[in-house]
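Here subunit A shows up in two complexes: once beside subunit B, once beside subunit C.
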Partner chain A sequence: MNNLEIAQTASTPKVLADSAQGRVFMAGDSYPENPFEFFQPIIDWIDTFLDKNDKPLGFDLELIYLNTSSIRAMMDIFDRLEESHQNGRSVSVLWSYDPDNERVGELAEEFKEDCTFPFTIAPRA
Partner chain B sequence: MSSPDLYDLREIFDRQQIMVCFNGPINAALIEEIGRALRDYLNHQQEAPSAVADIFSVYIEMTQNIRRYADQHPELAGASNAAIIVSREDDHYVVSAGNVVASDDGVALKERVAGLSGLDRAALKALFKTQLRQPREGLNGSAGLGLIDMARKASRPLSATVREIDAARSFLSLRVVL
Partner chain C sequence: MTMQQCAPEIPLEDRIEAILAAETPPDGWKTALEELFQRCKDQERLLDRLTHIADRFQAAERERSQSYLTRYERKVRQLEKIVRISDQYQTMLHQLKERLEHSSNYDSLTGLPNRRYMTMRLEEAASQAARQSASGFAVMIADIDHFKAVNDNFGHAAGDRLLQSVARALELSLREYDLCARWGGEEFLFLFPSCDEPSAPIVAERLRKNVSAAPQAEDGIKAPTISIGYTLHRPGESVDATLLRADEALYKAKAAGRNFAMGM
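Now for the complex of A and B:
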């Protein structure tokens, strides 16, 4: 299975999805004009990974600002993780952020409310 | 007066404490650039990072709504033009944006804004979460979350005004006080 690598732009985050490691890294702002287009390859990668093997999948997030359509897309991703978790798969999210911007922590908390898998929100020291 | 008097215009900007003003055709690249300038300016003013985040977020939702609406209404003359103002009023930042809409859409948006005005923080959060789980098929390319998100960030109810341009079109202005 391929890795996925998307370079960061002003309105889209850096994305690295590593199939050998079972890790997805996303960092930066996300407010693309067409978020569904931007997120579809990421969602496809996750679906393939979850479908093709039974390795754990971990997310390392350093996302900062998400527009509402990106929030919707991230919720679609977390819903997939939740479903896998319910089926016994090991999945986890670590979302680290700069504590000066408390909005990031609040956003992560709202996502976490709907997830029962390990979801860690970590203010960076 | 045949040419715009920049001195007078500047007086108005200063008096109304307008920091950013744009009027014209808007696209994704411009939204990004103006947003960058806005963030830089606010950071330079030593604003709290959470305040900068809220202002930027409302600015992005408003301008992307206008873009999306224009894309969906290529037949509507002037719909791709946006008027955007970020200003200060007393101790608050105000983000305002206006665009040409079909008259019915202007009325409908005004009603949606009025519907949100009676909701407290908990109700707005619940509504946001409900809207977040709407099936994508019925959404018409938008997540339908922008207005609710703005209302959650605002310190006062959002205000929308509609001014008739002709029989079919209106100018819609939305104002968010942070």
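Now for the complex of A and C:
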């Protein structure tokens, strides 16, 4: 299975999906002009990973600003993780944020609300 | 009653009617009754099946609408959550914008408005004065005397603290509509709306005295004094022309020995 690498731009986050490690890293602001085009490859990668093997999948998130479409896409991703978790798969999220911007942590809490899998929110040291 | 009336080839309904009309049961009554009973049982079975099928359709329909409802409720919850999170992001951006706006208009060391903001306000005041000559204003430039010596002898941190204490003393000398900005290094610029020729020297003198009366910033450093150049804006002239005159007045105040207010 391929890795996924998307370079950061002013309006889209950096994305690294490593199939050997079973880790997805996303960092930066997200307000893509075409949200579907941007998120579909990420969602496809996640679906394939969850489908093709049974290794644990972990997310390292350092997202800052998300526009409405990106919020929706992230909720879709968390829904997929929740479903896998319900089916016994090991999934987890670590969302870290700049301690100077406490609000990002509060927003991560909102995302976490309906998730029963391990979802850690922590200020970056 | 003849045999013909009960013959099996005659329709069952007719035979039953004939039997019911006869005084005594005619021949063939039993066959007709059996047929009637059989038909009744067939109908009952049919009705049962129909009812069963109809019930199942109804149940399936109900299940389908239930799952629509569940899905609909889930979507609504999801949308509400998106809206809630999105609103928070908007608030975050708005606060960030306000912070940036503030830092683009205020000096971080003294908390006073900065040169950018003051320039804007001076232009506004000048254009208002050009429209209604009654709204003249005074401009003053104050400069801390011998500030360089403090920086050189006591370090920049001491210089910064001195700037802060002078800024505080100046700020406390202002009325509600007066404006004081950090204009550059150790220079402060004042805008006094509706300040006329007789009151300008009084105001300038008050600023000078308030600074020299300010509590000493720290041991070893001489209490700060300021020199002031002041002037009245002449309706119609550019802000630069007013500032130039105030600068000239400041130069003269410095030349006159410092800790002095000079008007032009």
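Rule of thumb we're sticking to: the second predicted complex is superposed on the first by the 125 of 125 C-alpha atoms of A that agree within 3 Å, B and C clash if a C-alpha of one lies under 4 Å from a C-alpha of the other, contacts with A are read in each partner's own complex, and residues count from 1 in each chain.
One rule holds for everything that comes next: contacts are C-beta pairs under 8 Å (C-beta built on N, C-alpha and C of every residue); 3 or more make two chains touch, one makes a residue touch a chain.
None of the values given here were measured: they were computed from a predicted structure.
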Touched partner set for A:Leu61, first subunit B, second subunit C, both or neither: neither
After superposition on the shared chain, which partner residues are touched by A:Glu33: those of subunit B (first), subunit C (second), both, or neither? first
Looking at the overlay, what does A:Ile71 touch: subunit B (first), subunit C (second), both, or neither? both
Pick one for A:Ser11: touches subunit B only (first), subunit C only (second), both, or neither. first
Mind telling me which of the two, subunit B or subunit C, contacts the most residues of subunit A? B
Could you tell me if A:Asp100 is touching subunit B, subunit C, both of them or neither one (first, second, both, neither)? first
Using the superposition on chain A as set up above, list the residues of subunit A that contact both subunit B and subunit C. 65, 67-68, 71-72, 75, 101, 103-104, 110, 114
Touching residues of subunit A toward subunit B in the complex: what are they? 10-11, 31, 33, 36, 65, 67-69, 71-72, 75, 98, 100-104, 110, 114
Touch list for subunit A against partner subunit C, complex: 65-68, 71-72, 75, 101, 103-104, 106-107, 110-111, 113-114
Quick one: which bits of subunit C touch subunit A in the complex? Just the residue numbers, please. 78, 81-82, 84-86, 88-89, 91-93, 95
Contacts from subunit B onto subunit A in the complex sit at residues 28, 31-32, 36, 49-50, 53-54, 56-57, 60-61, 64, 67, 125, 129, 132-133, 136, 141-143, 145-146, 149
